[in-house]
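Take a look at the structures listed below.
One chain, chain A, appears in both complexes that follow, with chain B as partner in the first and chain C in the second.
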Partner chain A sequence: MSETCVVGKSAPRVDGPAKVSGKSQYGADIDIPGALFLKVLRSKTPHGMVKRIDVAEALKIPGVVRVFTHADVPGENSYGIIVKDQPALTDQVRFRGDALALVAAETEEAAKQALEVIKVEIEELPPLYDVWSAMAEKAQAIHAKGNILTVSRVKKGDAAAALRTAAVVVSRRYTTQRVEHSYIETEAGVAYMDNGILVIKAGTQNPHYDRRDVSRVLGLPMHKVRIIQAATGGGFGGKLDISVQCFLGLAALKLGRPVRMVYDRRESIAATGKRHPFLVEYTSAADREGKLLAVKAKIIGDTGAYASYGPATLNRAAVHATGPYEVPNVDIEALCVYTNNPFSGAMRGFGTPQMAFAAESQMDLLAQELELTPLEIRRRNVLRPGSLTATGQRLDHSVGISATLEAAWEKAGRVMPGLGGEVK
Partner chain B sequence: MKKRGYGIGSMWYGIGSTAATNPSGAFVDFLDDGTAIVMSGCADIGQGSTTVLAQIAAETLGVGLEDVVVITADTGMTPDSGPSSASRQTYISGNAVRLAAEKAREQVIAKAAEMLDLDPGEIRLRDGQVWYEEEPAGKTMIEVIAQCRGEGILTLGHGTFNPATTKLDPATGQGVPYATYAFATQIAEVEVDTETGIVEVKKIVAAHDVGAAVNPQNVEGQIEGGCSMGVGYALLEEVVVDGGEIKNPGLSSYLIPTALDMPEVFPMIVEAQEPSGPYGAKGVGEPALVPTAAAIANAVADALGIRLYDLPLTPERIVAAIKAAASSQHE
Partner chain C sequence: MEKFQLKMKVNGRTVTVAVEPGLRLLDVLRDVLHLTGTKEGCGEGECGACSVILDGELVDSCLVLAPQAHGKEVVTIEGISREGELDALQRAFLTAGAVQCGYCTPGMILAAKALLSRNPNPGRQEIARGISGNLCRCTGYAKIVKAVELAAAELQQKEGAAGV
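Let's turn to the complex of A and B:
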């Protein structure tokens, strides 16, 4: 009776038949007769104050129903899962891609034409494109509280003392790049009013968060907003943020008509979050037997114009900076910094793939110094039941890192004949 | 010349949001005919969470997978299950569904115990039957649910689960940021063309401790997908930004791996059961990708005897590193 019947079996996907037969309704597939098409005018200026938006010419185009700007946002014009710093339609530009105006039109063509003739006057501010100039003392603040958004620290033991006395110390500087999620489906959805309730159907990774911020931006009570996740073609963190939801909601609410919108690939890449580029200064120390004594790291992540999941990404990077190893002395500092670059947010791993690149390179460098194999140095340091993590958490159970190391090694020995029984 | 190399990447990954409450809720309605509806806010974004939640509900209720329908991610119908992020849905929403199903099941068991005059602690539901001490006890679940309905009892359950974490000390980061961690080791085999700088990833062995695999094929799918994303991260992908502007905002200029770039992947499931997980499960969504680029970078360093410190490991960077190493040898 103890054996499970359904759990542990490779049951076919319940959503499989609809997806492989093309019947699943993704955001762009939902066809509502009479729906208006929405398009967003995005800033080509990286940093500045919006002085005037002239929509008169746009409204003359046949089929254009309405052009919305920041002045039309009925609630709090700011959203964000962690920091409410991103306007739905902005009067202050912080990156090339900020939303300035939203066009609703009878046809997609008319909406596109309208974008061409909206006149925007922006008083430009000097842009900050790298974390160093953004962190400089006299740097123009991109947001009111300054450009260093968060500093996460993990400190245990006495890393400085351990580094002074360790047999081997390795210091290196690593950089990682900005990455796009590249999900198959771009952002898309529809919205309509249903008996006084605003209904938004869109691809999303977090419908209940969407409800909170749509309700906030539109000034509606939460029970009058209903978010229904449309079939979603991948997310990888990129669909955790608000994208089309507030635009759809604003237009449907104000016009009382169904609306639809789809980002093309260019807009999807330009206007949504990226994986944070990291700069990591990493120092590791070990004794002669290859036991890790200390890890000291400084991590700087460029979160671009908006916080999105930046604070969570840098915090997770700090917490995971040592890799899956027991390290008695730890000194980690991770900074999340605003710039006028496209914003960075959640992406599969939240800062840990960046840190794995640095931490695992360091392990191999230490091994080299100590004339140990990469396998052996890992064997000597992996977390085990009873280990303390960098944050002082005792791991009591389900600590399978050693098992994965041995299983992978054993398998690699069989399927990679060139390995010769040992990684150099 | 083509040089071969091997590299290890290991990782750990805390399941759920870092040092933050991140609860999930679920409802289960156990229906008259022994089928069930599960309501969960969990958004399936292609990772397969709806299937996993259906399996957990079916297992808990003692019915077949075909007897469960999961309604998801509709704020008008389903409770908040938090984001599909942080590799959290199997562990956290899986637990919420398990708890909701247990609540519904408890009522059926209580009624069965009363009808059969048996100890409810010894009763199990399985294959649509009421079981007592390893044998069918002579009542079907449908009969028991019918009795419940006759007495005006709806067999509904709700469950919520919030992982046991603490806040972190702001100065030292000390605390319990996650209730549990996934672990993994990947080993990559690469071939580097020293003239062109092109890296070909030949094979990846990927061993992942997921606690317990609710759906092994789905876990393997996540691992293979993670490896493909990791190959892109290690070798190909970079959003080029100049003057605040993205210079490659399209898939013709922003290159991601195709089937031709994919190594042979050997996914391995390691099960270090997590007692607080649903049927021992933790998660795999992000861990699948986390160590891949690290393993590839170590393999490239092994192949060349030269280490690169900047991702991605483009042919240009590799050729430049080889030239720099050669010229420093001459000096």
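Let's turn to the complex of A and C:
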């Protein structure tokens, strides 16, 4: 075998030595002499139309160079990975945290002072904080096309018929909460012009998408925008979305000066994506032996003010709704719904952890009804080589869940003897 | 406001700088001395990313005002390696795969350093307690604990050899 082959060997991280010695440059570490500091004024109102933004007082503060609003966005004022629905600087507020104005100042202190004196007039609209009120017939549309963004369906066999004839049927409603990624590095970066090319260095998980959205928002051709990923201190899906990129780009482009910005923890939590809260109505049916016959589920994901990765998250939720189990009859509907909450996007697992909570709880309840152990009902239903998934895919290669289940049980027995009643 | 003449030892070198008295030690290290290995995660003493060793004690440099460091000795991640050679803890973090995004790493290494200086042979529980003020959101704690064990073992062995 060639000496260059690394498969099966432990290779040292290329970025390891720099990271253990503190030399790695994250977004906030980049030294950029003469850079202006940027700060964003964020809405404290959850829903409404921006009538007027008065920046006169802010511009009088020594050190303040410029204040940008939606009127200063040169290109299409909308970005987003899947749906271009999020403005860089907005004239319509959709959640507490929407960006209203961007201050560029010689110091962070001056930029902060400017935020205090910018006057914003907003014509408030009733906020829609839950998916039910957002889906109500006469609900105010948060975006032009209405509040139900996408509906994903997975259907196989005849779930309704199977539910009518099954020996056991269990129905429950599950809710999961919004989760913040809380990467230890908050969003940060710098930008500058280099021979007519806008260069943005920032922590990100998505430099190519960033480039597309920055060029769209600034009205620049793609080859005039360069995104360089700085060392990124955790993302977990949360740094797939645009955060500082468009602000940095707008200010560097318009002012022709280097700029930098760093979110503090409060802003990082207030302004960036979350894990989708789910509401799941889940019905499972099994025969006397505990073999699953059908799953019917309605999933509603609260994607908040903007789509971000919402449609894909809900699609994934639908596809994985039956868990690692073989179910012959499936009827799943997953809705991605806008509300006036902080927006939800990608986060580790992408909709499947929420569904695992529902699907596994259902398995335990079925086991109770059938007087089987939680382990046994799973043994009887796990996907195996040859199984058909909910979407009709035949798993013709290896499937690890059965071996995983047995190994977990074996270990559980060792560390917690007498667990679960299987150990007599 | 009148500037404060801050004199302290940083990584073995005496530095004197005039700073705003309201500045945090973290700001002096990062913005004045350009020692950006010390990170800010939360700014309120929850995450430990800004950990440094101040007169032998592990502190969150975001909770220390610059004048409080006057006359004291500060060790940051940049002061851990000697003449370009990585410290045993730094090497152990690499060997054990204890570095992921790396943002908590400087603080973690300093927390471990402070621990090993007062307890050269800590058990797992003691290591866990020693790094309990430092958050790793990549959730690599098991490997971090392993790295501290590795470094402790190496240092013990060296000490043993030196004693012979």
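Here are some notes:
The rule we apply is simple: the second predicted complex is superposed on the first by the 414 of 424 C-alpha atoms of A that agree within 3 Å, B and C clash if a C-alpha of one lies under 4 Å from a C-alpha of the other, contacts with A are read in each partner's own complex, and residues count from 1 in each chain.
By our rule, a contact is a pair of C-beta atoms (placed from the backbone, for glycine too) under 8 Å apart; a residue touches a chain by one contact, two chains touch by 3 or more.
For clarity, every value in this text was computed on a predicted model and none was experimentally measured.
Contacts of A:152 after superposition: chain B is touched, whereas chain C is not reached. Using the contact criterion defined above for the overlaid structures, shared-chain residue A:259 touches neither chain B nor chain C, since it reaches no partner. Contacts of A:408 after superposition on the shared chain: chain B is touched, whereas chain C is not.
Comparing chain B with chain C, more residues of chain A are touched by B.
Of the two partner chains, chain B is the only one touched by A:175; chain C is not.
Residue contacts after overlaying the shared chain place A:20 against chain C, while chain B stays out of touching range. By the document's definition of touching, of the two partners only chain C reaches A:186; chain B does not. Contacts of A:35 after superposition: neither chain B nor chain C is touched. Once chain A of one complex is fitted onto chain A of the other, the partner contacts of A:120 are absent, as it touches neither chain B nor chain C. When the two structures are aligned on the shared chain, A:134 is found in touch with neither chain B nor chain C.
In the superposition on the C-alpha atoms of chain A, the part of chain A touched by chain B in one complex and by chain C in the other spans residues 10, 12-13, 15, 182, 232-236, 265. Partner chain C is touched in their complex by these residues of chain A: 10, 12-13, 15-17, 19-26, 28-29, 31, 181-186, 231-236, 264-265. Interface residues of chain B facing chain A in the complex, by the touch rule stated above, are 4, 6-14, 17-19, 41, 43-46, 48, 50-51, 54-56, 58-59, 62, 64-65, 70, 72-76, 80-86, 124, 126-127, 131, 134, 168, 170-178, 180-181, 183-187, 189, 203, 205-209, 211-218, 226, 229-230, 232-233, 237-239, 241, 243-246, 249-251, 254, 256, 264, 266, 268, 270-275, 277-279, 282, 285-286, 289-295, 297-298, 301-302, 307, 309-312. By the touch criterion stated above, chain A contacts chain B in their complex at residues 1, 4-15, 46-47, 81, 95-97, 127, 129, 152-156, 172-180, 182, 197, 199, 203-211, 225-229, 232-237, 239-240, 265-266, 269-270, 274-275, 312, 315-316, 318-320, 323-324, 332, 340-342, 346, 348-350, 352-353, 356-357, 359-361, 363-365, 374-375, 378, 382-383, 390-393, 395, 397-401, 403-405, 407-409, 411-412, 415-416, 418-419, 423-424. Across the complex, chain A is touched by residues 30, 34-44, 47, 49, 76-78, 80-81, 86, 90, 93-94, 97, 99-106, 109, 135-138 of chain C.
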